[in-house]
Each structure stands twice: as structure tokens, then as C-alpha cells.
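Some notes on the structure that comes next.
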Amino acid sequence: MKSKSHIADTHKYNFNYENRVVLKNSGIIDPENIEEYIGVGGYKAWEKVLTQMKPMEVVEEVKVSGLLGRGGAAFPAGLKWSFTAPLKAEQKYIVINADEGEPGTFKDRLIMEGDPHKLLEGTMIAAYAVGASKSYIYIRGEYTLCISRLKKAIVQANEYGILGENIFDSGFNHEIEIKIGAGAYVCGEETALIESMEGNRGTPRSKPPFPGVEGAWHKPTVVNNVETIANVSAIINNGADWYKTLGVEGCYGTKVYTIMGDVELPGLCEAEMGTSLRTIINKYGGGMKNGKQFKAALVGGAAGVFLSNEMLDVKMDFNTLKEYEAVLGSGAILVMNEDVDIVEMLWSVIRFFRHESCGKCNPCSNGTTVLYNLIDKIRKGKGKEADLDELIRISEAMFLTSFCALGQSPLMPIKSAINNFKEDFLTKIK
Amino acid sequence: MIVYLNGKAYEAKPEETVLQLALRNGIYIPNLCFHEKTGKAAKCRACVVEIEGVPGLKTSCNLPVTDGMEVTTNSEKVLQAQRMVVDLALSSGQHDCLSCEQNGNCELQDAAYYLGIERPSFQLYDDDYEVDDSSEFIRVDRSRCISCGRCVVGCNETVVNEVINFGNRGFDTKIIFDDNLVMGTSACVQCGECVQLCPVGCLIDKRAIGSGRTWELEKVETVCPYCGVGCRLEVHIDRKQDKIIRVTGVEDSPTNNGMLCVKGRYGFDFVNSEERLTTPLIKENGKFREADWDEAIALVAGKFSDIKKEFGSDSIAGLASAKVTNEENFVFQKLIRREVGTNNVDHCARL
Amino acid sequence: MYEDILKKYSPEKENLISILHDIQNSDPQNYVSEEAVQEVSEYLNVPLSHIHGVLTFYTMYSTKPRGKNIIRLCESPPCFLKGSENILKKLCEILNVEVGETTEDGIFTLELCACLGVCGNAPAMMINEDVYGNLTEKKVEQIIIDIKGRA
Amino acid sequence: MKTLDELRKIREKSQQKITLGESNNRVKIVVGMGTSGIALGAREVMKAIIEEVAIRNLTDVIVTQTGEKGLSSMEPVVDVIEDGKPTITYGNITPEKARKIIAEHIVNGKIVNDFIVTMLN
């Protein structure tokens, strides 16, 4: 590898530890030893909420921090909690969405493998805030290491009395259980996840009622992504005002971007919201591999957008990207060099959707197959220009009519690929 | 509460959905998966409408009415989306109406007709589905299944036989019986609820196939002749042949809510049976001869009177059939108790 | 036959997915048999059709016997970009199977899967519970040889 | 079961342990044992390090594990932490390279430049 000597010479790969919030401990402490987590200040926030804060104050703090859901939809976490917190119910649940399935995303895996107690601490704080005595962490079945580390962490937290009955004499009880998936991307959708947790086929439910009101076993249920929850203890420890000093207006805090593809140093970085694509590629991704030219980045996973070099300096945060009809999604950044054929990549994206469509609703299960047949035809050089309009027309109809976000998703990559890289398609059509 | 449908005001009931309100007032919105009994599945997505002030489109089958709501069911945006949705459903299988038993009674056909879809735009169907003809009364042709889910809900939640579910995923989703058995070897009791709920030609009464177009049949409502529950049913009759083609349950019947059992739905072959007695027979010298009712009744009444005189009332007992109605049973026990003078009366209590 | 697994769980439907995982993992042919479905159905009081529906919805399960080792090669866009198609070709060639098939000796079943979350080391695959990254044609050949040697 | 006071004490104690403060250990070797690391051979690296430490009877060296730092392309990753010195992160480590690090860096105090990913004060 050419790059290695380059790195060794400078002795400076930027791990960016100073900017890390959710991955502060990952790659530093022993994830299987609760005392190391406690040693770096772990469970301080838990102690603080139990001894000094009322549940609604916790909700308020998170609300003020402006923390947005990191699963892709960017829904304000505090607002989500505030719907469930005041409800009177015999049972409420926190569910952690650890079904990280968006292609190119592995941030939640790093948090769970590297710092499982951080997830547990955030979960407990959320549970205290909304008044839930039980939480579930739903992990995809493929993440075997996450499952075993989290199971160990839960046992340790119980042994230390951090979890369990009447925690530190506060009168608050809490139990955390792991639920395991079995291979279905759609279970990342919160209602499909709940279905799966209940032992069913993981197909989405009608909303309303939203899970916050009627979720798991018809009880009020807050579903949060792992990365979202991993921000919570830092917000409680340092306050909402501190949190708002990070990131950009409206999108505070850091974002874990996973960067891969044709870069020298694929991996992941945690940087402030609003870091540009260029910075992410050059500073954290080590630049383009083998000195090739940048052509495109698929941002946000399969449900994301193909961005061209015109977008290199745009701030990568939820709001700014929305202005450009793009999405940040899960924060996955797949970088493609000049040699990559976007038609091939779009084919791969659509194949993914066809494979993962759950089959519940007609436009998605049939639509993804129609889209696949079309792109496959184009890929094989048998397409015509009108097929490009057809791809957009069908995915637009799917966007308007599909049951859940999965069927709505193909529009983004299809539209952006055709609009930004039309040449690639025309070459195939000729 | 007032709801506007295409600009016109309608009085809505608080519990109903936009689709229910529209259908109740004769405004058609294409819909394939909704059924009053199986509920708002929002799976087919054909019933999308526009709501003033709400971005995008909403499915009307699971959209509760709100006061002052302004709904558009026929804008170009709505029709275009509906057209794509129905086109996709039509493209997904082998929906060749010419030979389909459901022709004229098919909700997919109705939706496609309403939207002006002449033929499916896409070729999605691959013919690796075999028709499941293994069961006695029901043919399952999955090439016509649109995964609406009515049969699944019907089997699991309405009749609670719990035999049907969805198997596989995505485009390959199909209905399965038990642990993926053919219908004939599954625990299916052939109640036919799934057939009645199926909006297309996937689940079909096997014996009706090819024996009469639905619009040529006369539908006569009656009460099931079997047990005493009194299920209301509709007999579909071909008058030319004077033959029953099929039987369906009456959906708004309070006794059976459209449901029937295997006997009520499929046990009508006795009607045209060669062996069925239609004239009374009197045995003389060891041989039956045909008689008329007056002669037969007079003969039986005379014999009963003789027996009663000679051996007393309690030497006679009456046993009624469970096939007769409660009213008929009432009359029968009156006859035995008052005219014969005995309490020896019973009912076979089973068929 | 499956009591040891079943008794670890309370007889509630929410445990179905975990139970099916355990049953499959305990089976030398890596699948959930009809007998198992029957037993689980009785234990949880859940219809057979429900269990079959769940088994065929999730890609990690199989209702047909498979090999001792399940190879699950990622075909999602990040791995596709880094050449997963070539890896697939190579695997098909050295194992002499198509996707979804089991080798004649019953040692491997080749499957494709969605993103495994090791995209920084694409192309990647999982064999049973172990993840392999930065795959090259040469590397997969070695991995297969190594596992065969242990079989 | 611990009380809040006990928790606070654990916090103080382990804080020191991480910086090697009071302990008798001179060096802490940390192997990155995330999925990526393991996929690229971190288990074998860990084994080699433990063996080497035992063979050489290095009683002042402690070997532990951690999760992933996020630089997938440099896995397996090994940190060498010494009090008062910059923490060295080595990348793309194999069992052979790990043995070399022990021999040169841990025993002889000579940093192995070729394997360095980063140096942190």
C-alpha cells in the first residue's frame, strides 16, 4: 500500500478524538469492563438524573439541545420523548433501534462494540425521562459481537446495581433486554421493528397511532436510534448549551460519518454536523485512493443520493442537504472515482431495494421489481432514453403511494443518479 | 360532521374513514385490500386521495374523517398515482379476465376499468406458480394473488382457523397454508371464508369454475338448511339449468356476518341429487310406490292414531332433524306433545 | 427433541425469533425442520403458518437443509463497488455451486446477503459467525481451503 | 450491588488505572477487537502478544482489548500506552509484526516507525 509510508512519515492520522462525543471511548476503553467505562466518567449522567433531575427536566434538557434522531429521519429526540412522557400507562417502553442495515453504515456497530455502556446509560436516561420500566435493544442478527458485548454489559450493570430494582435508592426500576433480528432491512423502520420484536414478520404498521402512543404490545413506546441515544449522557453531563456549540444552526452536535469506497483510508469519523464532503474525504478518508479523480459520492446509504463534485463543499447536515434535494440519512458516504459507472451502482442500489422490499404493500413490492427490470435492461445496453423518464416516473409514484419509507426511498438515488450523471446512462443507451 | 368530497359537502359519521364515507355516498375510490370485515389494511395503496393542506397523498381506507376535511378523489395527481398502483397490481400476475372465474365480480377489474387501464404496462409475471387443486372445494391460483391480505386476516381473525399466512418476502410474497402445505393436506376446514373475501380470482370455488358467468346467475337469499344457527346465505342459481352454481354468505347478516361453514357453503349437491326423494313413497307388499301428500299424511295419521289407541301415547316418540329451523322444531314438538300426547320428543342435535 | 432450547424461553410469541435462531444453530444442517416448526407451534401456541411466514421473511433462516458452513457474501453497493461480483464468481467456481446451493460434500452453502456493516473493509462476507474483510480472489480461496482443512 | 459512593470510588480508581498512575504496570498494550479488527486477524494478534509477553516474562506489561477506533483500513490496530510518553497506535498488525513491536518497542524502547498510524500526546 502506497499510503502507508505517507502516514508513517507524518505519524499523524487524524483520529479526531477531541471532537468525539458518541465515540469518545470506542477504541480506547475495554468494552467488556464496566469499571473502565465508569473510570472515564461513565454513569455520571445517570447518577445526575437520578439524584438531581425530575423526568420532565430531562426531557426538557434534551429538547433544548435540539438533538435530532440519527437513524436517518432526523426527528427531534426530545420532542419524541415529550409525546410519551406525560402519558399515563401501566407500562411504557424504550426501544433502541440497533438494526443498522443501511448499506455503508456501521456507526452503531462501533458504538455497541466499543462502548456498550454508553448505549445502556443513554437508554436508562431516556427510560427515566419518559417513565419506562423496561427497555429493549433490537439488534440485527448479523451483529454477533454487538449482541455478546451488550449482553455482558447488561449483566455487569445489573451486578453493580446500575440497573435493576430501586436503583441507588431512587425508587426507579429498570430492566433492559436484547431482542435479535434475523435479516431484514425493513426492520430498521420503527413499526416493522416492533412487529419483529413481537415475534412477527417485520412489516410496518399503519401510523397513526404512532409508537409513542401505541407501540410495542400496544403500549407507549419510544424508539430511538443507537447514535441518538449515545449522545444523551454527554448532553446531560455538559448541558444543552454546550451541545449547541457543536454543529450548525438547527443541526447540533456531531455526526458519525462512515466513509468508504475509493478513498485511501476507509473507516469512520465523528465530526461536527455540517462538515463538508471535501473535508471528510480528504481529512478523514485520506483522500482519493491512488490519486484518482473524485466522481461521485452516494450519501446516506442506498436510500441516499448520488452527489457530484459540485456538492463537495456543501455542509453535510440534515437541513443543508435538504435544501439541495439531498439527504444525509445515516451519514454513510460511499466515494466513487472517475472509473466508476453510475449505472452499475444504481443497479446495485435498486437490486438492494428489490431484495429488501417486505412485500406488504403493492407499489413497493411490485415497483422495486419493475425498477430493477428497467435498470437491468439499461445496464445491458438494451434501454432507451425514455426508460430514464420511466424510472423517475415509477419511483415518484412509489414515493407518493408506498406504505413506508422503504418504498419511498428509491426515488432519491434514481433521480440524483440520472440528473447528475446522465452521461453514464446515455453511453449505455447508445 | 361535514366532510367535503370533491367540493361537495357530506355528513360523515365520526367513526368512519374517508373511503367508507365515499363508498357510502356512491363515490368510487379504487380499493383492493379494504373489506368491512378484515379492516383497513392500507396495503394495496390504490385508495390514495388528496387532502387539502396535507402534502402528498393519503390512503383513504385508514384515514379517519375530521370535521371540515376537504378530500379530492379525482384530481389528475390522484388518478395518476392510482393508475400506477393498479397497473402494478395488474402487472404482478396472470390477470387474464377472459378465462377468469372472477370476471364480472373482480375488484381489480373494477379498479382497472375505472382508471382506464386496458392492459398491464409491465411484465412481472413469471409462470412458476402451480395451481393448487388439492383441496375438495377451493382452487388456489397464486398467479392471480395480489397479496391484499384479506384471506390472511379472515382465516386468522374472523373465522380463527389460523391456516393461511403470508410466506416469503417482497415480490415473492405469497399466501401459504400451515407449514407451506398444499391446501388439501393442510388443516383447512374448507369454510370458504377466504374465497368469499378474495377480491380477485386467486381463491375460487372449484365446482363453480366454468359453470356460469356471475352476471347470468340469479341470486336468491335464503337461510341455510343445515343446522339451526340460521346463517343467511345467497344461492347463485343458473335458471336455464335450474342448478345452484355457488353459495355465498350474506355479509350484513347479524347471525353469520358473511361466514359459512363447509356444509352451508359447499353442501348443496343434495338439491339436484338423483337420489333425493321429492314424492312420498308408500310400501305395499314389500315394495315402494309413489303416492301424493294427502294420501301419505292420511295414512300416517291413521296409523299413529291406531297405535296411540292400542298402546297409549307414550308408545310413540318424535325425533326431529337438526336441519329444520327453530320454528319448525317448535311446531313439531307441539304436534308430539299436544296431538300425540307425549313428552317423548327430541332432536337429533347433529347432522 | 427441542425441549432444551424451548425451556430457556417463556412460551410467548415474542421469543419466536430467538427460538428459531437457536434451533437453526443447533442443527448440523443449519436449518429449521418441519418437526421443529411443529414443536415450536405447540410450545408457543402459535399457528404453523405464522412460523413458516416468519421463517421465510427473514434471510438468516432456512427451511431447507444447508451445509455445515454458511457463506454469506455481501452484495450491497459498498461491497459491489469494491468488486463483490468477482468474489462471487470465484466462490461459485471453487465451490462449484450457484448462489443458494450447497457443495456436494455438504461443507458449504453459498448465499448472498445485504450489508454486514464492515463496509470499511469491503468486500466482506460472513461464514457462520465470523466476518472476513478486504476480500480478494486469492484470499477467499485460502479461507475456503482453511475451513475445508478443519472440516 | 454498589452504592453511589462505591461507584464514585470505582470511578477514581479506574481513572488512575487507565493512565497507569498508581499501578505497577509500565506499559499497557491495547488490541482493537472490533468486528473489523477481528475480521482482519486481531484475535491472532492478541494471541501472539499474550504469548510473547509470557515468553519474555514481561511482568510490568498489561494487555487488554478495546473496540474499534474507526480506521477500518488500518485494522488490526494496537495501541502502546506508556506513562509520560505519547500513545502510539500501530496499524495493519499481524502476529509477526506484533512480536516485533514487543521486541523493539516494549523491550528495547524503540518505536517501530514502519507500523505507526498515529502518535498522540
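Letters A, B, C and D name the chains as they come in the text, with residue numbers starting at 1 for each one.
Basically, a contact is a pair of C-beta atoms (placed from the backbone, for glycine too) under 8 Å apart; a residue touches a chain by one contact, two chains touch by 3 or more.
Note that the coordinates shown come from a computational prediction; the quantities given were computed from them, not determined experimentally.
S.K.: If you apply the touch rule, which chains end up adjacent to both chain B and chain D?
M.R.: Touches both chain B and chain D: A, C.
S.K.: Let me spell it out: compute each chain's centre from its C-alpha atoms, then which one is farthest from chain A's centre?
M.R.: Chain B.
S.K.: When C-D is set beside A-C, which has more C-beta pairs in contact?
M.R.: Pair with more contacting C-beta pairs, C-D versus A-C: A-C.
S.K.: Where the centres are mean C-alpha positions, what is the separation of chain C from chain D, in Å?
M.R.: 34
S.K.: With centres defined as the mean C-alpha position, give me the chain A-chain C separation in Å.
M.R.: 25
S.K.: Mind checking the centre-to-centre distance between chain B and chain C? Centres are C-alpha means, answer in whole Å.
M.R.: Going by mean C-alpha positions, chain B sits 43 Å from chain C.
S.K.: So the centre of each chain is just the mean of its C-alpha atoms; given that, what is the distance between chain A and chain B in Å?
M.R.: Going by mean C-alpha positions, chain A sits 47 Å from chain B.
S.K.: Of all residues in chain D, which are in touch with two or more distinct other chains?
M.R.: Answer for chain D, listing residues that touch two or more other chains: 35, 38, 70-73.
S.K.: Touching two or more other chains, which residues of chain C qualify?
M.R.: Expected reply: 50, 53, 57, 59, 117-121.
S.K.: By the touch rule stated above, which residues of chain B touch at least two different other chains?
M.R.: 166, 168-169
S.K.: Give every touching pair of chains, nothing left out.
M.R.: Every pair of chains in contact is listed here: A-B, A-C, A-D, B-C, C-D.
S.K.: For a test of understanding, state which residues of chain B touch chain C in their complex under the given definition.
M.R.: Going through chain B, the ones touching chain C are 156, 162-169, 176-180, 187.
S.K.: Which of the residues in chain C end up touching chain A in this complex?
M.R.: That would be residues 12-18, 20-21, 44, 46, 50, 53-54, 57-61, 75-78, 80-82, 113-122, 126, 129 of chain C.
S.K.: Name, in rising order, each residue of chain D that touches chain A in their complex.
M.R.: 1-4, 7, 10-11, 13-15, 17-18, 30, 32, 34-35, 38, 64-74, 77, 89, 91-92, 113-120
S.K.: Which residues of chain C touch chain D in the complex?
M.R.: 117-121, 124, 130-134
S.K.: Along chain A, where are the residues that touch chain D in the complex?
M.R.: Touch residues, chain A against chain D: 1, 4, 7-8, 11-15, 17, 23, 26-33, 35-36, 38-44, 47, 51, 109-110, 113-115, 143, 145, 159-162, 164, 168, 260, 264-270, 286.
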